[in-house]
Structure formats: structure tokens, C-alpha cells
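For clarity, chains are labelled A, B, C and D in written order, and residue numbers in each chain start from 1.
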Amino acid sequence: MAATDEREAAFYAIVDSDGRIEPRDDMPEAYRKTLIRQIAQHAHSEIIGMQPEGNWISRAPSLRRKAILLAKVQDEAGHGLYLYAAAETLGVSRDQLLELLHTKRQKYSSIFNYPTLTWADVGAIGWLVDGAAITNQVPLTRCSYGPYARAMVRICKEESFHQRQGFESLLTLTRGSAAQKAMAQDALDRWWYPSLAMFGPPDTGEQAAPGGHTEQSMRWGIKRFSNDELRQRFVDMTVPQSEVLGLTIPDPGLRWNEERGHYDFTAPDYDELFRVIKGDGPCNEQRLRHRVDAQNDGAWVREAAGAYAAKQQARRREAAA
Amino acid sequence: MRDRYALALGDDALVLAQRLGEWVARAPELEEDVALANIALDLLGQARTMLTYAGELEGTGRDEDALAYWRDDRDFRNALLVELPNGDFAVTMARQLVFAAYQYELYDRLRASTDDTLAAVAGKAVKEVHYHRDHATQWVLRLGDGTDESRRRMVAGLATVWPYAEELFDGDDVTAALSAEGVAVDPATLREPWTAYVEGVLAEAGLERPADAAPRRGGRRGLHTEHLGYLLAEMQHLHRSHPEATW
Amino acid sequence: MRDRYALALGDDALVLAQRLGEWVARAPELEEDVALANIALDLLGQARTMLTYAGELEGTGRDEDALAYWRDDRDFRNALLVELPNGDFAVTMARQLVFAAYQYELYDRLRASTDDTLAAVAGKAVKEVHYHRDHATQWVLRLGDGTDESRRRMVAGLATVWPYAEELFDGDDVTAALSAEGVAVDPATLREPWTAYVEGVLAEAGLERPADAAPRRGGRRGLHTEHLGYLLAEMQHLHRSHPEATW
Amino acid sequence: MAATDEREAAFYAIVDSDGRIEPRDDMPEAYRKTLIRQIAQHAHSEIIGMQPEGNWISRAPSLRRKAILLAKVQDEAGHGLYLYAAAETLGVSRDQLLELLHTKRQKYSSIFNYPTLTWADVGAIGWLVDGAAITNQVPLTRCSYGPYARAMVRICKEESFHQRQGFESLLTLTRGSAAQKAMAQDALDRWWYPSLAMFGPPDTGEQAAPGGHTEQSMRWGIKRFSNDELRQRFVDMTVPQSEVLGLTIPDPGLRWNEERGHYDFTAPDYDELFRVIKGDGPCNEQRLRHRVDAQNDGAWVREAAGAYAAKQQARRREAAA
């Protein structure tokens, strides 16, 4: 239909000129659906991501670190709020999205399916996981959908703060006792490859994601760089930081490649990544169970709030009549 | 003597912050994860200032962490109320109402303390606590005047925490001496405005004031419930495992 | 190398004893308070002997308490199964069946160890574990073939622990070397008799073998669940608070 | 009625000659009721008494102490079993008695309404509370009701073992570090008066129990000594032990009275005792709530066991037919 074509042309005119699509603008249905899935997965990752770090709030080894951690986990809840709100501008409700999460029809970042076994894991998550997240997300501050781009600006600012705090926490450990340094190295050993896997399957080869998606997302301006480009960027940023920390990245294949101007490194075990995505990671069940329990335990509270609001409205209406 | 006063106020804030932190990632809705973490952070901030000040006053070189992590439960001076297990959301909100309404009256008056540090802490804290009190008030109204189930739970929550309210207004030799000097607030003077506020909220929510039960007290003398030991074991274990470490 | 073997067996027993101890004064009936305490005591006894022996073998002067109280969770070598939270009585009984049936086959064979200490421990333990296995069997039958609710819970309990069974049969360099010498039992050889026993119980109870799920492992390499850290914090706090003390 | 008189005469003949009444013997209804209440209260005390000590099983500071404590709490469950069984010979079921406990119509010893705040409390309970219990119970090994007397023989033997273990645990503390010694003294300070109160109200004065009960129980051979006699015996036994421990009993009025051949001591605050009995002790609610929760949480298990037993019986019957 001509009208559709015209609307599509208007959409691409905005996208191609690096403009912003806003909620009331026309957009292709596939664009809308892809965005919803992407924003929702991002939102879910924020709220599931509260758990592995939240695991150490009660046991943080100093009151200062406890405050920093509490504030960080609070920020993650806040990011979840912005992102669900951004998704809602596309015509889905938070409740619908949570229901999709709880019934395993939408995913969250697999990184949160690994356990936080020691205090150093909290630092490692800040340094590596937030570092990888920022690498993924900074390009999204220029993404074509306005509400998502604006949410990302705020989120990236806070996450880069968290990343520095994580680095600083690990630095304190590596400059501390032998036990603290060992704890930090152990955390890096466990979190390195899962962090690399956060960028998703490789661009090419057998394990590459089935074709078309990336190209489409790039065309729509909701993905700016390929998985492998972002992964390389993360490695290049992180290796010098590991040297400042005095920690050894657990990759004997890691070395500077003068010719490429990049670090060469061993790719993560993508088979493991797929297993964890499929549900077989160490904590998949625990994380989802925790989330669903919180949702169920709070049902009566949300119902009460709804009932109260309705009563209040009725009272106001009566008073006005 | 001022150190003992600062310690009691700091312990109240620290232990309640620890309890509220347990809610994070399990709150009934995301907004409450944010709100409860926020209140916990405010309390933790108050605790850090008060414990630091207590350490300076006692002059033995103990800092906030030495006081938080190296005292045993018999040395904690918090009121029993704040160490009670969270229970369901109604129990937590009942405890929040009782405690925030008390803390608000306390800090409101403590701004006039002749001790500059206490006055300054109070000046900052009173704004935070005003929000805590309002947050709890809104929830007590919603739950008390929400559904049948929420009302039943709210009534039960209030009954659970009510016997622990009275201890907040207990004076001792420390508060007697310091309030005579204008340094501290006599806790007994807070009971009336506290009662007026809390009863106002209950009335608006259509809830009755819980039946009087024997007051539970002892925290200010280090006689705690059996719950505190577990809270401290969890909180202190890592820190105590590395006695010389910096974090 | 024997010290590492003794440590793994000792940690299994210690951590499960700690979990079963949590049931005391909350069991479904008084007879079960007695029975669960009894099983916990047997396991604690096994743990003490094994940890003491591990300490002697490593020759660094660590005794049972040094090993129980001063290692962090990354140094514990128990299988993940035993650190799982108790859940309801059906989860606990499912865990007991899986673990006791494994331990029975293990100790039955370990009696023939060329290591006299391990053989002696096994000789004593096999009788205890025979009772543990029988106790769990009786309950799986009662719950599986009891009421609709108990059956539902028993099915759920089995599903909860099932992914953790496989780790019990994992070998590593230690068990490979020691079983070649006749010191240890190759865990893989226990799978078949274990399966025969457990499947027999399930069949008699009218329960299906739970669907295969991805096995959960890591404990033998110190990669635990997030639950173990809390268990150890509670268990170790007092001991670590008084590093030089005798109790 | 003549028959009743005759039966009563036979009963008293046995009691007066220090013989034993057995379940099938005739006995006055009031005797039966008093015994049921006394044995039930004793049984309830054993099972509620598992809680304050059970509170330290997970945190015992050595594996040896953990094993001793676990065995002790297990013994208490066992004592509960003997005692409920003894009560059942009088025609009530354990379920009925538990129901009376759970609905506050029967009591348990008020001592268990105090919290165990430190590890030393476990030792203090063994030394003082079990010591007081033994003082109360040894005379009951000669009580007129056979099943109760026999249960008491076994219980007293085990409790005297526990009492020695508690003393030995405290002795280790008082010979340990300054912190350990302070912990032991603190425990004695808190448990001394509640232990004295375990013997009940004084024999005479305003606070004495309303008349008649003690005389009646003595006449029936189910009480052999008055409360104050037993309390004095406990004090006389305990003071020398406190000296071995090097601990100070928190009573400035405590001194040896050469004339009486006994220690003089300050009586406990009986008003507090009555308040705690009435329900206002620090842990009354917690203890009963814990017990009722355990009972409720286990209901489905007990039902399943019953259903299974019935099915098995039916199957056997079918097989036999």
C-alpha cells in the first residue's frame, strides 16, 4: 500500500539522517518488535543482575563498601525502571514483560547465571561486567529510538561510575594481603571468559548467529557495531587495566598484535555460552526462582495498593459530586 | 558518655540498614527495591557518622568499622525493634512507621543540641527521616485500607512490632545526664508527639491501636533477642576473617 | 593426595551434618527430631575423623577445627548436593536418599581400602549409613505413596536434588591415582549399584525417576553454590572471633 | 460408695508403703489429673527446652562441642518422648497434650523463656538449669506412679551427664582468654536468678502458692520436698562449684550460715517469675510460635505417614484374604 510505503520512507529518512524516532512516529512493526525484545532483555538483565551483587550486601567487609554496593544495586533497580518505561512507550506494559521473563519467553544476560562466590566477585563484576556492558551500550546512546537512546545516556553515565568503583575495589584487594590478592585473581579467572561471552556469538563461522538479524538491526540504527568489533574493543580497553591491577588474564594466547593494532586473544567457549543461555548455567534456576518468588510474595501488596488507589479515587469523586 | 549516646543512635541505624538491605531484589515492586535501598542507605550514612563520632569521643582509636565489625552482640546498644526479622512487607512497614516516627521527633529536636556534631547530623538526618516516615505512612494507609488480606496482615504486623516501641522512649543515666546538659534529647519527651503522629496514621488507615502488651526492652543494655547474633554473624564474618585487611 | 581424598569425604559429612542440624526442634514429629539429630551426629563423627586424618596427612599441623573453621568456601571440597538448603521435609528426604545410597556403596567398598585408617572409618560408617539409607527410604515410600500433597512435594523434592546427584560419581586426578593403588574407591563404579537401589525405591514408591537435567557440579573443585558462604559464615563466626581460644 | 472407698484404701495402701501405682491400678481421679498435668508440663519443658540450646548448634565453636550439644538436644527430644509415653499410660494422647501446650492451656518451665545470647549460655544452662532440674527430679525417681518414676531414673542419669558437660564447658571458658571468662561470668549473672526461680514460689509468705496443692502432692507421693527445701539444696550444691569455676554468683547476700549448715542467699524476684509464667518473658511468644510453626509445617508429613500406614495395612489384609 502506498500509505505504508510513504510512512516507511519517512521512517527511513529519519533513521538514515541519524535522527530520532519518537513514540508517536510511524515505525515498521518488525522494528517495534525487535526494539521491545532488546529493551526488555536489557531491563530484565538489570533486575536479575541485582541478585549476584545483592548477595554480598549483608556481608560487605566495610561500611563504606556496603554503602557503595547498596547504591550500585539500587541504581540497577533504577535502570530497570527507566528501561521498562522506555519499552512501555512502544505499547507493552511492565507486567507483560515481567510475565514473559518469568515464563522464560524473554531472556536476560547470561552473565548473571554465574554465582558470586567471594567478595572479589563484586569488584570483578563492576570492572568486567559493567565494562563489557558499557562497551555494548555506549553506541546505543546514539540509537535511532529516542526514549531508548536517552535512557542509555543516563545508564551509561552511572555504569561507568560503577565500573570505576569495581576497578578501585579490586585495586584495593591487589594492594592488600596475599589472601586478598589471591581472591582478586581467582575472581578474574572465573569472570574473564563469561565477560567476553557477553558480546554474543562470533560474527562469522559455525557458531555465528543465523544471518540477517545484525544487518537488519544495523540498518535500523539499533546496533552500531558487530559483536566481534565490540569484543575486541573491550579486550583492548581491559588488558592495560589488568596490568595496573597486577592481575593475570587467564589466557595464554593473549598478546599485543602490532600489525592489527589490537590484542589477540582466545575466544570464549561459545558452546558453553549457548548452554548457559539455554538454561544450564550454574544459577539459571536460582535467579529465576528468586525473581518469581519476589513477584509472587509481593502480589498481595500490589493488589492492596491498587485497591487503595481505587478507593481513594472513588472518594475524591464522591467528594466532588 | 557522649560516645555511648552516639553509639546507641548509630547502632539503631546500622542494624536497621542491615535488615532493610535484606529486602533488596525481593521487594513487592521495583519502585520498592529502590525506596528500601534508599532508606537503608540513609540509615547506613547516619550509622557511619554516629559510629565515627562515637569512636572519636571514646578516644581509643576505634573507627566506624572497628565498632561495626568487632563488637559482639552483648556490646550492641540498638533498641530491639530494629533487629526484629523483616517478616512480610506489612511487618517491615509497621516497624518502619514506628521507628521513623520516633527518629523524626528525635532528630527534629536534636538539631538544637549544644553538641555541634550531633546537631549537624540531626540537621541532615531529619530530612531523610521525614521521607522515611512519609514512605511508611503511605504504605500503612494502603495496606490498612487496601484489601481484606492486606488489612489482616497490617494488623498482624502492627501487633508484632508494637511491644518493641516502648523501649525507644526509655531513658537511662546517659540520656538523663546529657539531656540535662542540652546535648541529648530525653527520649521520654518523644512519646507524646510520636503517639499523636502514629495514632493519626492508624486512624486514617482505619486501624486500631494494637492492644497493650508487655513492653520488650533490653537492647540499650545489650540484652538482645536471639535474632541479633545471626545478623551479626553474617555481617561480620568476612571482615573478621581478615583482621588486618583494608577494603 | 590422600589428604585431599579424606578432605572431600570429610567435607561432605560436615556440611550435611550442619544442614541436618538446622532441623532440630523443627522436625515434623519428635521422633524425627531424634532421628535427624542422630544422623547429623553420625555424619559429624565421620567428618571429625576424616578431617583429623586429612590434617595428619598434610602434615601442617591443622586439626579438625582448623580445617572446619578456617577454610573459606573456595577451599571446601564437598559435593554441591550437601550444601543445598533444606527446603521442606521432602527435599531433605530426597537429598538423604540420594546421598545415603551413595555413601553406603562408597563405604561398603572402602572397607577394603589398603589404607588402614580409611578402611576402619568405612567399617564403622557403613553401619551408620545403612541406617541413614533405610531412614530416607522409609520416608520416600511414605511421602511418595502417602497423600496427594506429599506425593506432589516428593516429586518436587526429587526434581530439586536430582541434578546434583551426578557429581557424586565424578572422578578426578586424586580418585584416579588412589583407586589405582587400592586406597580409594573410583566414584564411577558406584553409579550402577546406586542407580539400582534408588530406582528400586522410586519404583516401590510409585515415583518416576526425575527427568534428566544438566548435572550441577563444581564442589569438588571448590566452585560452590551461593548457599555455602552463608552456611560457613554462621558456622565459623564465633570460632573465628576468638582465634587463639580453646573451647 | 463402698466400692470407691475400698479402691481408694487399696490405692493409699500402696502409696503409703512406698509401693508403685501402675497404669491398670485404680487411682483417684484427682491424682490422675494432677499427674497428667505434671508429666505433661515436664514433657513440654523438654521439647521447648530444645530451642534455647538448639540456637547454638550451628554456631558451636568447635566440632567436639557441636557434637556434645547436638547429642544433648537429641536427648531432650528423647526425654520428651519418654514423658509423653508416661503420660499416655494415664489415658491422654501426645496430640492432645501438644494441643494443650499450643493453646497455652498447659505450661512449660519458664526458664526457657530467656534467650541464649552467647555460647557461654549453653554451658550455663547445662550447669545451672540442668542442675536445678536434677535437684527437682531426683526425688521423683521414687514417686508413686511407676511409669513416671522409671522415666525419671533414665532422665536423671542423662541429665546429670549433661550437667557435668555444662560445668566442664564453663570451666574451659574460665580457664581460657579474658573474653571467654567474661562471657562465662556474664552468663552466670543472667542465669542465676532464673535458675533459682525454677523451684517455684516460696513455701510461705504472700507469694506462696495457694495452699493445699503441695500437701496433696506430698500425700500422693508425687512431690517429696517443698520448693524452698529443693532451692536450698540447689544453692548448697552450686556455690562450691562456682568457686571451682572461679565465677562470682551475683548475690551480695550469699554467705555460709554455720548455724543452719546452709548458704544464706537472696531470694529471686518472684514477681518477675510470675510475669514470665504469665507470658511476659523475653521469649515466651518466640518459643511457642516456633513450636506451633514446626507442628503446622509438619502436618502434611504426619498425614502422609498415616495415609501410607493405612494403605499398607489394607494391602496386607488384601494379600491375606
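Heads up, the rule we're going with is that a residue touches a chain if its C-beta (ideal position, glycine included) is under 8 Å from a C-beta of that chain, and two chains touch if they have at least 3 such contacts.
Going by UniProt, the chains are A, D = Ring-1,2-phenylacetyl-CoA epoxidase subunit PaaA; B, C = Ring-1,2-phenylacetyl-CoA epoxidase subunit PaaC.
Not measured: the values here are computed from a predicted model.
Undergrad: Return the chains common to the contact lists of chain B and chain D.
TA: C
Undergrad: Give the chain pair, either A-C or C-D, that is connected by more C-beta contacts.
TA: C-D
Undergrad: Roughly how far is chain A from chain B, going centre to centre by Cα mean, in whole Å?
TA: 35
Undergrad: Would you mind pulling out the distance in Å between where the CA atoms of chain B average out and where those of chain C do?
TA: 41
Undergrad: Identify all positions of chain D at which a residue touches two or more other chains, and write them in rising order.
TA: Only 59 qualify.
Undergrad: For chain B, what residues touch not just one other chain but two or more?
TA: 72, 233-234, 237-238
Undergrad: What graph shape do the protein chains here make by touch: line, ring, star, complete or other?
TA: Shape = other; not a path, cycle, star or full graph.
Undergrad: If you go through all the chains, which pairs of them touch?
TA: Applying the touch rule to all chain pairs gives A-B, A-C, B-C, B-D, C-D.
Undergrad: Quick one: which bits of chain B touch chain D in the complex? Just the residue numbers, please.
TA: Its residues touching chain D are 72-74, 214, 216, 218, 223-226, 229, 233.
Undergrad: Across the complex, what residues on chain C touch chain D?
TA: 14, 18, 21-22, 24-34, 37-38, 40-41, 44-45, 47-48, 51, 64-65, 68-69, 88-89, 141-143, 145-147, 149-150, 153, 234-235, 237-239, 242, 244-247
Undergrad: Residue numbers of chain D touching chain C in their complex, please.
TA: 47, 50-51, 54, 57-67, 70-71, 73-74, 77-78, 80-81, 84, 94, 119, 169, 172-173, 176-177, 179-180, 290, 293-294, 297-309, 311
Undergrad: Please name which positions on chain C make contact with chain B in the complex.
TA: Residue list for chain C touching chain B: 72, 230, 232-234, 236-238, 240-241, 243.
Undergrad: Enumerate the contact residues on chain A facing chain C in the complex.
TA: 55, 59, 115-118, 186, 190, 275, 279-280, 282-283, 286
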